[in-house]
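Heads up, the next two complexes both have chain A, just with different partners, chain B and then chain C.
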Partner chain A sequence: MIARLVEGVRPRALIALAVLLVLFVAAPFVAGDYLLTVLILILYFAFAGQAWNIMMGFAGQLSLGHALYVGLGAYTAAALFVHFGIGPWLGLLVAVPVAAAAGAFIGFLAFRFRVAGAYFAILTIAVAEFARVGFEHLNWTGATAGLFLPVTQYRHNDLWNLRGHPVMFYYILLGATVLAFVACRALLQSRMGYFWLAIREDEEAARAVGIDTFRYKMIAVVISAGMTAFAGVIFAFYYNNLFPEQVFNISQSILIVLAPFVGGLGTLFGPILGAFLLETIAEGMRILLALCGIDLPGTNQLFFGVVLLAVVVAVPEGVWPWLCSRIGLEQKP
Partner chain B sequence: MAAEVYLNVAVGGVLTGLVYGLMALGLSVIFGVVRVVNFAHGEMMTIAMYIALTLFTVFHLDPLVMLVPVAAVLFALGYALQAGLINIFITRPEHSQFLLLIAIAIIIVNMLLIIFGPDSQNVQTAYAYESFKFGELIVDATKLYAASTAIVVAGALFGFFRYTPLGTAIRACADNQTGAVVVGLNVKRLYALTFGIGAACVGAAGCMLLLIFDVTPSVGPAYTLLAFVIVITGGLGSMAGAIVGGVLIGLIEAIAGLLFTPSAKSMFVFAILVLVLLVRPQGIMGQRAV
Partner chain C sequence: MSALLSISAVSKRFRGLVAVDHVSFDVPERGIFAVIGPNGAGKTTLFNTIAGVFAPDSGAVTFAGTRIDGLSSDEICRLGVGRTFQIVRPFPALSVEENVLVGALLHRDLSAARAYSVEILRRLDLSSKRAQRASSLTLPDRKRLEVARALATNPKLLLLDEVMAGLRPTETDRLVETLKEINRESGLTILLIEHVMRAVMALATHVLVMHHGAAIAEGPPNDVVRNRAVIDSYLGAEAIA
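This part shows the complex of A and B:
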């Protein structure tokens, strides 16, 4: 299994990957609380972006409503914890299928009736918005007033109930990101991965050579939705509070899209590099604005818009592929 | 509840729906000709709403009177956007175009947020509380004025596309781009004009909606989505479909708001979208299968 995974990867690349991993593992020992928060955000968006990338980057289905899966995952696990005392790891067994079922519903609706391209993107936004308004009226999960997880001072990290210090969340997310990276590489090299790429490049042709496009697109959506739900569960237990207006918001979906898009659509490193770039530049901006004494709501988001615009215009294929061609690296991570 | 309550609400919904229709018409025209999906549509409308709002609060100019200048400003904005940015993207993949317009949408929302702040604002015209009485039927004056204006603007647009040489040229571009180039039409300029016209529609619709609803910077995405739902319901590429879809959605919103709670009305709108995609993906007035 491991031999198959590293097959075809040059030793230099492996060493670089190992160094990167060691750096990430060591980071909490040197980073302060503030830096740790930023690192957690980077890993969160890298992981969620990786999940989104399966759908769009691999199978070519543009989802602009991934907040739906974040929200469903977060609310399911949190509600089970608050109402029945069921821990997040068991909650995951419910949260992931719920999100996957939502993905399957959207996929079925869209792929069955050949809803593609812009229509598909709009359908994903619409279902996410539907869920947002629905949860705003669902009293069981606190409606607009929000759902709160009990917070007390914990002397030790309770890994089973996910209650504890941010460092614990950092390592969980790091593990998830590494796993997602490895899984995505395995998927890309599998038979299904090639089917996905064929569908992405030319769906008619893919169908003509006998690929069951409906089935493989469905699988992509379900995997992507399930993975995103995990990110949602972590979101819920890390922040301890959930509001429909916040988790299900379109801007939440857009944020998930940004990292893989800026980093490089369909590449394995894209989401990670994109998340790193966006968060570091955003934090840099925040610090710079604070130094200048400017405190206006929206400046940060405005900046995301400008970066996205610049990337779309100047490096439409993403930063990672651009970087690869610049340093003469073969475009294969 | 008495029947006339339903009737009153339904009429109000239809009138609002006509304004929605005009907004969606802009989206439909842009997609029909340029083949670009304007993900910044609602955001462009909020620009128009804020221009009208500022004109009202500073100079006490009525939004309906200011409709033409505001639409002209939006036309210029749309023209510049298409000529300067979107034309480059015509040959690029679809998702690249989406993200370009999403980037523009994000920039618009947050520029407005920085300039005008997050609070919701509205205009109080002299006729804000006036209404007309037709027997049992009571109709809000603002809604009636707004809807009548929407019909006039939409009618003018129909006429423009049907009878003027420029309108015919734009329709030629939509039908067959290569053919249009062959007969010597400047397609890129016509695209810019079309985007400008679409933006002007939404500018006019923004002035009218300002009379009916409050405006905050963050309502943009909701209106974008609403315009999409209307256009898909009515049938993409069909101008009449946009108006019919708008009226239908306006009506459903109003009735749902009455029967359940106003804050849940958008759920019914999305349910309609799912239903249309399931039963008739080409829309009510659409001819081709998607």
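This part shows the complex of A and C:
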């Protein structure tokens, strides 16, 4: 199993990966509270970006509504916890299928009726917005007033109920990101992975070599949605409060898109590198602006805009492929 | 020889235009059947109705005893019909080898598909370019890649849509040789649309001529090129001079 996983990976790359992993595992021991929250955000967006990348980077289906799956995951697990005392790990068993079903619904509508490209992206936004408005009127989950998870002072980390110190969330997200990375690599190198790439490259040509494009696009959406729901569950139990306006907001969807987009669509390292770059630069900007005494709301959004523009112009394939060719690494992964 | 593909009274209209008008013919098993005719004669439309891009308005397409008109193109491919596109459609960001591998994976697992791809690439003289991105290939190489990818799906019937166009005479001869070899060795049936008469004459065992959507002549290549209607509508008088 392990032998198959590392098959075709060069020793140098393996060592680099191991060093990176050790750094991430060791980070909480040296990082303060502030740095830890930044690292948690990086891992969150790396993971969610990896999930989004399966749909867009692998199968070529642009989703601009991944907040839907974050929100459904978050609300399902949180509501089960608040109303029935069902822990998040059991909640996950409901939250993931709920999000996956929503993905299947969108996929079925779109792929059956040949809604593609920009129209598909708009459909994903529309369903996410629909869910936002719906949850704003759903009293069972607190409607616009929000859903709050009980917070008390915990003496120890309760891993089963995900109540405790941010360090616990950090390690959970780290584990999830590593798993997602390994899983995506395995997917990409599978038969289905090649079919996805073919669909991404040219759907009609993919059909002409016998690929059931409907089926494989559906699988991509369902996997991506289910994975994103996990990020949603962590989101709920980390922040302890949920508002439809916040979780289902289109800006959430855009934030998920940014990391893989900046890092490199369809690459395995892109989402991780992209999340790291965006968060560090954003935090750096925040500190810099504070030092300069500038306090303008929206500066960060403006900044994301500039970064995106720079990526599109300078490295349209993303930072990771560019970096690979720079340091003479092979393009993949 | 029994018919592997049977087209009976197939018609296809686009609004007012009748692109294919009651065309019927049989492609015998192991045969190489060419469809020729001037631009706009309806050849590619006929092709697309066979390959499942769209269903014919009337008539029937039967492949290996099964009605395939109305099936989707991926279903038709899985039944054993491979095709190339007139305007080539490689998977641009994938390597040459991966392009072929995607086709080979249809009926194989990953390791068997890899081995088979190597063989197909060698057959079509693409081995030296296997690691290149398909988007970096020259047009003749892309044409060969189209054929390689279609062959990798193990078709019983291969539809070739003007694969010789844009090739130099020596390249044409080489591809003709390769196709003949594959036809001889594996019994692959080939239906091709072609303008390059050099290739048609060298390859085809049977020729159908289309003009304004209708079949105007059919027979062995040497008979067809002497047909008065064919000369008038397509080949021109100098062709037999």
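Definition applied: the second predicted complex is superposed on the first by the 333 of 333 C-alpha atoms of A that agree within 3 Å, B and C clash if a C-alpha of one lies under 4 Å from a C-alpha of the other, contacts with A are read in each partner's own complex, and residues count from 1 in each chain.
The definition used in the following text is that a residue touches a chain if its C-beta (ideal position, glycine included) is under 8 Å from a C-beta of that chain, and two chains touch if they have at least 3 such contacts.
The structure displayed is predicted, hence computed values, not measured ones.
*Asks:* Please indicate which partner A:191 is in contact with in the superposed arrangement: first for chain B, second for chain C, both, or neither.
*Replies:* So A:191 only meets chain C here.
*Asks:* Given the touch rule stated above, what does A:292 touch, chain B (first), chain C (second), both, or neither?
*Replies:* In the superposition, A:292 contacts neither chain B nor chain C.
*Asks:* Touch check for A:114: first (chain B), second (chain C), both, or neither?
*Replies:* The first partner, chain B, only.
*Asks:* For A:125, decide between first (touching chain B), second (touching chain C), both and neither.
*Replies:* Only chain B is touched by A:125; chain C is not.
*Asks:* Is chain A touched at more residues by chain B or by chain C?
*Replies:* The partner that reaches more residues of chain A in the superposed model: B.
*Asks:* Quick check on the superposed pair: does A:56 touch chain B, chain C, both, or neither? Answer first, second, both or neither.
*Replies:* first
*Asks:* Just to be sure I read the superposition right, which of the two partners does A:314 touch: chain B = first, chain C = second, or both, or neither?
*Replies:* neither
*Asks:* Just chain B (first), just chain C (second), both, or neither: which does A:134 touch?
*Replies:* In the superposition, A:134 touches chain B alone.
*Asks:* Quick check on my understanding: which residues of chain A belong to both its chain B contact set and its chain C contact set?
*Replies:* In chain A, nothing is touched by chain B and also by chain C.
*Asks:* For the complex, which residues does chain B have touching chain A?
*Replies:* 37, 85, 88, 92, 94-96, 98-100, 102-107, 109-111, 113-114, 117-118, 217, 221-222, 225, 228-229, 232, 261, 263-264, 266-267, 270-271, 273-274, 277-278, 281, 290
*Asks:* Enumerate the contact residues on chain A facing chain C in the complex.
*Replies:* For chain A paired with chain C, touching residues are 189-191, 194-195, 197-198, 201-202, 204-213.
*Asks:* Taking the complex as given, what residues does chain A use to touch chain B?
*Replies:* Residues of chain A touching chain B: 56, 62, 64, 109-110, 113-115, 117-119, 121-123, 125-127, 129-130, 133-134, 136-137, 250, 254, 257, 261, 265, 296-299, 301-302, 304-306, 308-309, 312-313, 316.
*Asks:* Can you list the chain C residues touching chain A in their complex?
*Replies:* Residues of chain C touching chain A: 51, 53, 72-74, 77-78, 82-83, 85, 89-94, 98, 101-103, 105-106, 109-110, 113, 149-150, 152-153.
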